[in-house]
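Before we start, here is the structure in question, set down as structure tokens.
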Amino acid sequence: MRAITLVRQLGEVALAIGIAPLFAGWIAQCRAWMQSRSAPPVTQPYRMLRKLFHKDAALAATASPLFRITPYILFGTMVLAAAIIPSLATDLPFARAADAIALIGLFATARVFLSLAAMDIGTAFGTMGARREMMIGFLAEPALLMVLFNASLLYGSTALPSLVDGYRAHPSIIDPSVIFAAVAFVMVLLAENARIPIDNPSTHLELTMIHEAMLLEYSARHLALVEWASYLKLFNYACIGFALFVPWGIAIHGADGIFALALSIVALIAKLIVAGAALASIESLSAKLRLFRAPEFLAMAFLLAVLGLLVHLLLGVR
Amino acid sequence: MELLAVLCLPLLGFLLLALFGAKRAAPELNIAVSFATLIAAALLVLRVERYGTILVFHDQFFVDAFNVFLVGLTAFVGLTTAIFSRPYMRIEELHGRLTPRRLQLYHAMYQLFMAAMFLALLTNNMGLLWVAMEAATLSTVLLVSLYRTRASLEAAWKYFILCGVGIAQALFGTILLYFAAEKTLGHEGMTALLWTHLNAVKGQLEPRVLGLAFVFLLVGYGTKVGLAPLHNWLPDAHAEGPTPVSAVLSGLLLNVALYAVIRCKVLVEGSIGVTLPSRMLMGFGLLSAVLASFFLWRQRDIKRLFGYSSIEHMGIITFAFGLGGPIANFAALLHMTVHSLTKSSIFFTAGHASQVSGTQQMDGIRGLLGTSPTIGWGLMLGSLAILGTPPFGVFSSEFLILTTAMREHPWTTPLLLIALTVAFAAIFSRVQPMVFGDKEAQPLPQSPALVPVFVHLAIVLMLGVYMPPALAEWYRAAARLIG
Amino acid sequence: MVLHAFTVPVLNVLNLLASCLLLISFAMLSERRTPRLITLFAGQGTILFISTCLIAHSSGLHELYYSAALTLLLKVIGLPLILRRLIYRLDAQWDSEPLVNVPLTMLAGLALVIFAFGLAQPISMMATTITRNMLGIALAVILLSFLMMITRRKAVTQVIGFLAMENGLFFAATSATYGMPMVIELGIALDVLVGVFILGLFFFQIREQFESLDLRNMENLKEE
């Protein structure tokens, strides 16, 4: 393990933890612009986190140890995921240990703990949110797996850094299977991160909540950690998308200099800005789906991913 | 040239009737056009008899023994149906079920339908064959729904959708055929789809593609023949459309669709051998015959009853073509002729019977011999003829088919016999009470034209008793062409 | 037939167009609103037009340009216009729930696509055109349109499914044999046009009798 790779690895993790709230704030700003509202400043999430950390945690009397550990587990899994995803460079020491399927396993772990903790208190809203979250997750995971299989079939490996290296070696722009996989991935991203059209992140009506309903019982530092974890989840998904579909700028194997690192940081920030704006526009232009239509949405995503696979097999496009 | 006349006269008739069809003289004009077409067809038949197979207009049209006899048959039945429909439709108009505008549509579409069928029979181009079959379907859809009742609209919708889907399959089959042909014949213009050219090179066409093409073509055109399990549209269309339309559907369209199937079969057999097409034809044919004969028991409506009978007979004909060989083909061609003549005559009488009794339900039709003897006798004789009683022609063809089947594929004979016997019992038991018994019925406002009925039955009788040598030789030549 | 004029970018674009065609067929399976269905159908026609033009350009067969022009006139402009006027006058803007729920229909569609790809493989191997791999997609479009026809309740959507099936057939002809002879294509186009006219007339008759275009009204003719 060379020093530069370790630096890059830690730098990537630190960057992820640091920038994720900014990303969420940027998306909120874009949404507000599109809806002709005046927006809170981009650093608003930091302020909220800071405020939460200063408060005293209040726990329900029926809370078990599971409820208390869950925020830490969530945050930990998301940080670990950020370490595996090649957002800045592909030469990551941690990445050898895990590939895309393990990545999905990490996300699944986070989801399971969040749902269990929500049911732990025993309130109606928590259980409802947990059930809905599991339904969405159950449908979204196959779609995500199919997208990753698609990419791995194209570039020959399921480990994300190798995927990026493979893509950079043979770029193909108008490849229908890649386009299908990209659209499917965006749909899964919207579903998993509780965005419109699946879930409204800024709703205050409990009966329409999916993700928010599970957070109702947390307070102070627990809430801060859980919120930070969801910002990190969105950031991670965005980085997976970049790695699979637009990996230019990521320092590939062999590019070790400081110039490459700087370039990759700049590229990442540029991509995040564009992605945030795009996400905000998708959210503003869509209406929230009724809950029983969510399976249709995810079935469509699954379908697109499988179609991409089939089309690749049929048309034999390299 | 006769061929041009045969094709253009109905088209001319369509245009004239589209303009003048609402006038009082429209049925007479219809009859006149049909008569002229018959003359042209007869001249064409004579020409082919003298000169043999002819190819016209850069090989685009092709007349050999097989399709010229169908052309003659179509023209003849077209004329007799036009004669029958004249008083029939007048009575319908007097009963208030039709308006002059609808009669205009009816007459125009009738001639257009005849034109489409002649085009399908005479063209050498498989693609044009498809276009003509689709045109024939389209021109009859509006005819089936002529009465604008709920039932007739439903029947026409089913007809359109089922036959439309079927014909889409046939288009895919045609595309596959073109695909196979293009590799051997090349891409210049239209030669790749000409049947005569394909027939010449059929040994070199790709077997797998042709096999797949045949499946699609059989399913596609077979829907229009009324082969089970794709027959659902047929009973409804026969029951709900006006009687002349049922007569031409049963008597003519089913024959033309089968003709299309057989032309494809000849091509495909040259490429992949006899087994697959023959087995498929035999299978579908047997299935249709047996299924239809059992369904005959449940029918209450007279035209539905005879619609199912058409399915059964087309099944028998298809089975015979599947058997192959000179005798079976001869029998199949004979059966096509006699079935067409007999079934149309039955529909003529059934139509008048329902007019006399005011209902199409068989329970409501009674004592026809008492009230209108000609209709009663016509129905009686027609039913006996279609059931295969000697000395009518249907008996000879069925006998030939049965004996050939016994010789070559003995296991099919019990099934055929079951189908024939069940059908005999069903139809006979239904027709008996309709013809005999007592009933008071109002006379018809206009005397029915029943001469066509007896002319048809007389021809069928003659074919059963004595086959003119020229006709026999003709059938044999056609049978040879089919292989 | 000039094969080497097909450059790799053109081939990529053709593959992309074929995939979009397949995608639109799936979208038609799940779309509930009839005006959107007509737009999707027009989209299919546009894709056919562009791909036929590209094939005409690269293979040097100039008669395909006529075929492409026919497609544009009929399927992109003419038929959608007629259909829109029809549903406006018939007031048939919405389709009710399809017979089977949407995710199940999608899965069935997926199975059909796999079947179509498998069926078309041996035939594609034999073709000499450069676009032969797209025969599988054409067959898949045909089968998906068939599925759409079966699972729909309203008469107008069944008809649109039928027209989409014809689109698939056209695509099959173009990809396997660089199109059919011109006269045949004209004949097919004429048939389609006349068919839609007749259907239009027919719909009015149906509406007059049944007061609605719901196909459940048309399931009454059975063996009595």
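Every chain is named by a letter (A, B and C) in the order it is written, and numbering of its residues begins at 1.
Keep this in mind: contacts are C-beta pairs under 8 Å (C-beta built on N, C-alpha and C of every residue); 3 or more make two chains touch, one makes a residue touch a chain.
Nothing here was measured: the structure is a model prediction, and the numbers come from that model.
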### Task
Could you work out which chain's C-alpha centre is the most distant one from the centre of subunit B?
A
### Query
Looking at mean CA positions, which chain is nearest the middle of everything shown?
C
#### Entry: Top-ranked pair of chains - ranking by C-beta pairs in contact
B-C
### Task
Give, as an integer number of Å, the spacing between the C-alpha centres of subunit C and subunit B.
31
### Interchain centroid distance [CA atoms averaged], subunit A/subunit B, Å
66
### Task
List the centre-to-centre spacing of subunit A and subunit C in whole Å, with centres computed as mean CA coordinates.
38
## Note on the structure
Going by residue number, subunit B touches two or more other chains at none
## Note on the structure
Given the complex, residues on subunit B that touch subunit C span 125, 127-128, 130-131, 134-135, 138, 141-142, 145, 148-151, 153-158, 160-161, 164-165, 168, 171-172, 175-176, 178-179, 182-183, 187, 189-190, 192-193, 206, 208-209, 212, 236, 240, 295, 298-301
### Message
Can you tell me which positions in subunit C touch subunit A when the two form their complex?
### Response
9, 12-13, 15-16, 18-20, 22-23, 26, 30, 102-103, 106-107, 109-110, 113-114, 117, 133-134, 136-137
### Task
Show which residues of subunit A lie in contact with subunit C when the two form their complex.
172, 174-177, 179-180, 295-296, 299-300, 303-304, 306-307, 310-311, 313-317
### Task
Provide the residue numbers of subunit C that touch subunit B in the complex, in ascending order.
1, 61, 122-123, 126-128, 142, 146, 149, 155, 158, 162, 165-166, 169, 172-173, 176-178, 180-181, 183-184, 187-188, 190-191, 194-195, 198-199, 201-202, 205-206, 208-210, 217-221, 223-224
